[in-house]
Amino acid sequence: MMRRVLIANRGEIAVRIIRACREMGVRTVAVYSEADAGAPHVLAADDAVEIGPAAASDSYLKVDALLDAARRTDADAIHPGYGFLSENAAFAARVESAGLTFIGPSSSVIAAMGSKTAARKAVSAAGVPVVPGETPASQDLAAVRASLGRVGYPALLKATAGGGGKGMRIVRSDDEADEAIAAASREATRAFSDGTVYVERLIERPRHIEIQVMADRHGQTVHLFERDCTLQRRHQKVIEEAPGPTVTPAIRERMTRAAVAAAQAVGYVNAGTVEFLLSGDEFYFLEMNTRLQVEHPITEEITGVDLVRAQLLVAAGERLPFRQDDLSVRGHAVECRVYAEDPASGFLPQSGPLLRYREPQGPGIRVDAGVREGQSIGVHYDPMLAKVIAYGENRTAAFARTTRALEDFDILGLQHNIGFLAALLRDPRVVACDTHTRFIEEHIESFVPGYTDEQLHALVALAAVADGSGDPRDPGSGGRGPGFDPFETLNRGVF
Amino acid sequence: MMRRVLIANRGEIAVRIIRACREMGVRTVAVYSEADAGAPHVLAADDAVEIGPAAASDSYLKVDALLDAARRTDADAIHPGYGFLSENAAFAARVESAGLTFIGPSSSVIAAMGSKTAARKAVSAAGVPVVPGETPASQDLAAVRASLGRVGYPALLKATAGGGGKGMRIVRSDDEADEAIAAASREATRAFSDGTVYVERLIERPRHIEIQVMADRHGQTVHLFERDCTLQRRHQKVIEEAPGPTVTPAIRERMTRAAVAAAQAVGYVNAGTVEFLLSGDEFYFLEMNTRLQVEHPITEEITGVDLVRAQLLVAAGERLPFRQDDLSVRGHAVECRVYAEDPASGFLPQSGPLLRYREPQGPGIRVDAGVREGQSIGVHYDPMLAKVIAYGENRTAAFARTTRALEDFDILGLQHNIGFLAALLRDPRVVACDTHTRFIEEHIESFVPGYTDEQLHALVALAAVADGSGDPRDPGSGGRGPGFDPFETLNRGVF
Amino acid sequence: MATKLRVTIGTREFAASVEAGVVTIDGVEGTFEVAAGADGRWTVRQGDARSVGAALKAQDGTWVTLAGITARADVEGAGARPRSRTSDADALRPPMSATVVRIHVTAGAVVNEGDPLLVLEAMKMELPIRAPRDGVVKAVHCREGELVQPATILVDFE
Amino acid sequence: MATKLRVTIGTREFAASVEAGVVTIDGVEGTFEVAAGADGRWTVRQGDARSVGAALKAQDGTWVTLAGITARADVEGAGARPRSRTSDADALRPPMSATVVRIHVTAGAVVNEGDPLLVLEAMKMELPIRAPRDGVVKAVHCREGELVQPATILVDFE
């Protein structure tokens, strides 16, 4: 086992990794930018090294500073977390050549999966379905029609040169083909001076389903079932759940087999995620993430496995602590990403002090966070405050528990998206899985602002009473000091 | 389903039950004594009714006040929690005759299991093993020897009239019998003016193993495996774990079958626990607890079942949401009971304010508590502050996580038993299961005071620096108010 | 006498008045009973329903949260010093350090509430700045590519 | 100059001195480096090992916790007002409201540290009160069956 792991990350994932290390008797080194002195991950570790100014490019993304911190603290391994340098093959290579253990796949595998085209080619060769698509051999009508026939309907014509929807046409049958090809080509020529079109199968109302895989250096590759991350906003996952509520045993069997095949095709080692689009019974490879995912906790909740612990064991050269047959799904888990953002103004990130920050508690509720009361949320990093994770015996129980947890989350000092998350969870279409990856964008008015008139009235009533200065009920007058009388009576606030 | 449940309890179990109700859409009514105004369970509920002065006999044990509170708040069910009136058959009967649902077994079953003799008789008739014992037909030497022969060696001679160890003799073989009988009888006569002895099999170095059962009104009775509660101090459980680390599949099979038979023998409905002593391969019925146990969370962690939710469903007349085949054990769970007590002075209960109270957090860690920072812990009720519950993939991982959680529990303002709990968890005999129900008493010097010289030195160092008044590092100077600068730098305290 | 409040949830503002337990917002009334609990918590009761929230007086007003919704309130005459980012409804400022990536309007433009005025980029995300209400753009004080700070006025608006 | 501290863990008391990072208790020394973190947390480093604790100054001294162990310290000259329950080492008081169930000593009794002096009952548990050190019982101020309060002196001790 490693002696001392440097965590090249910050926030909740750094805290989560540090906890796993401590529970395994492995020492930890936190790194932090100037803006993060005093942050929870800094105090959670055995050691902490400042690596530069607030800007990530000058600190958390600075390979030399990270390697220097590892050298100075005698660390023998680096865990990259997610984001930052976690999928940077050059960083992994630098870690490897410094003689340290990179807790993740090898730099060559990261590089192979980092190129979308190369990844598609590799997994396709292993029999994993990818979205059918081709550039017609020539751009004349007959050749494009032939491509459409091979790719299958409904299809999408896209300008090879383009983007932003220009030159894009949906084709649902042979009958529509000629007109659509002409229009797409015309539009593409006008917009990009290049009429070349690419033909791709249109995946309608897809769900985003991803398979967690885990492989050791001894030839064992297992999957840990799927997560459904269909609820996205601008390609950012918002709420994830596991297992996939629409994934039948037959689909699960095929998808997990495909994911393991994809991992084995590239000689994958450590934790990874194979992302698919699922539409009806068909699924298509999207990409492989060669790192721990933000949403890994829901897999931990339904399988009972500690994925970070498994990552450390594998990185140390040990065998996976479980075989495929040991793994099973129990119950249902949901994760909500709580952001400092204002849903009512286009999800504008918010900054400010966490004047009050109290996490929800109770059986089956887990909050992974890297912030604390009193901390100021700045502008330098991702505005995610916490992940609320809830386990329940079934999907209904898990949703109810998640909603309860969101209601019990007390955050004062900045705006957040909890009301938006709660509105999503109670939406009948979300409950019925009548959703797809663009569902939030298409129905955003159902979830924003995320509070009712009654709630607004109640907030005003509370504010009017709580504001009364000099009032014995005023919680601002230092109710938390040592001299505080703990048994204030419930002072009826007639106002 | 019930509309509104009154929880006739306080503290962590009231909070836990309220959360389960909220997640099922059931409204809740808290009751509280004068001393508990402002306590967490009061604020957690939809409604709260004060029921009397601090003394439990004037409040939480006052049946009329509880029924009156239920009537006034239009509650249609009462959950008794554990302790207080939870095993009081007369209370259950009053609840029933008031037309309310008692969330537990019927008053007649509580009464039947409340009498140790009647319970022993009932379960024994159902084939459940009880500790062999009898009062000899006459007290002459031959009759007592005959009883000893039937009961089996090693045996215990006890004064029928007595207690406190007087007149008690261990007999290991026929050879020792005559002398022991004479001595026991003589001592009993001297102490109690009654020389009558009772003969019982001596259960040596027993482990306390209990089986969680759950039954509905539709004839289904299931078990949820065992808990090992061997680590006790003065018959108070201290640390519990599940599954039982020494329980083999064969023993589990026999014990769970016995527990289900015991429950069925008395027509048991709702949650209950059948307690056994296990010694070698043999086990003996101790008693049945006709209520939720303090340590129910570890069963929830390893089975994925919410026991309070199941209690509510059963009380509402629904079927159990699982069958025996749906239930299985995954991983390992540990519960530690954190008390306000001073291990170094005979576990003297402590009172005082919780100047700082921060619970440990992280994957697999659950803290069930009914206290909060700023609250004063008084003298009126049980001094349990919180239960630290940890789940791990296996026993080693669960122990490591529990230890980490205990180390991360910050309590200032009164003395507690966390060091004692941590010392128990790292004791090699505890790790190796080389323990029995009197293990803590026999080896108390191994676990008290529960801190090392190094820890004492470090505490002194911290105190010397943290005390410096007017010092920028002084955390007492109001670091928690709204004006607090959240990013204090890590001020090296050279002193 | 009625207490007048200006309540802010994110970028939305509401004018409210409270008198004898009756809250009025845009002519709609609701009746509440509020009680202080321990530890900064408060219970708010409306008819049969009770919920528990938290409140805290801060420099920029009174912050309240209830059932996962957070708002900030300025009470008339309470002397709260609003934070600069919301100090002047006619001067739009960025919520954080950001880069101006696109400007959609010029001085004199007549815009409707919600119309995009400009787009900032921070934390790798685009942040559209929209018109807070119907009105006229008086002046634009930034240019594309400029790094702006929370104190910078982006657009004057009337 | 060395700082003198009296450290209490439950009923145990230790005299300690700290000077230039060196802690001495009963002649045993240890060297530490202490640093303030945020939110009332502190890191304590000894050689290669770092642990994080919390500290708080209260009316009855400075409370500290580290790795699950909690202690209270009175620093000489710091002006901390000890709580009545520990105010006078020569006057034993009950830690809480309790009933005196047994008294083992009478005035004049010579006792050794740890000898049982009397037994209280509270919360359905028996609480033995033991001699804090070798000494002589000067006076017993309670009788069996009496309900005593934290302020009551049970036994004077010298």
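In this document, chain identifiers A, B, C and D correspond to the written order of the chains, with residue numbering beginning at 1 in each.
In this section, contacts are C-beta pairs under 8 Å (C-beta built on N, C-alpha and C of every residue); 3 or more make two chains touch, one makes a residue touch a chain.
All figures in this text were calculated on a predicted structure; none of them were measured in a lab.
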Pair exhibiting more inter-chain C-beta contacts, A-D or A-C: A-C
Taking each chain's C-alpha mean as its centre, the one farthest from chain B: C
Gap in Å, rounded to a whole number, between the CA centres of chain D and chain A: 50
Chain B and chain D, separation of their C-alpha mean positions in angstrom: 29
Approximate Å spacing (C-alpha centroids) for the pair chain B, chain C: 50
Residue numbers of chain D (touch at least two other chains): 37-39, 41, 43, 56-58
Residues of chain A touching at least two other chains: 38-39, 42, 355, 373-375, 476, 479-480, 482, 486-488, 490
Chain B contact footprint on chain D (complex, rising order): 3, 5, 7, 9-12, 14, 16, 18, 20-21, 23, 25, 28, 30, 32-44, 46, 51, 53-58, 62-71, 73, 75, 78, 83, 95-98, 122-123, 125, 127-128, 130
Of all residues in chain A, those that touch chain D in their complex: 38-39, 42-44, 46-47, 372-375, 482-483
Of all residues in chain B, those that touch chain D in their complex: 342-352, 355-356, 358, 379-383, 406-416, 418-419, 421-422, 449-451, 453-467, 469, 472-476, 479-480, 486-488, 490-495
Complex contact set, residues of chain D against chain A: 37-39, 41, 43, 49-50, 52, 56-59
Partner chain B, residues of chain A touching it in the complex: 15-16, 19-20, 22-25, 35-39, 42, 48, 297, 300, 304-306, 309, 321-322, 328, 330-331, 353-355, 359, 361-364, 366-369, 373-376, 391-393, 397, 400-401, 404, 476, 478-482, 484, 486-490
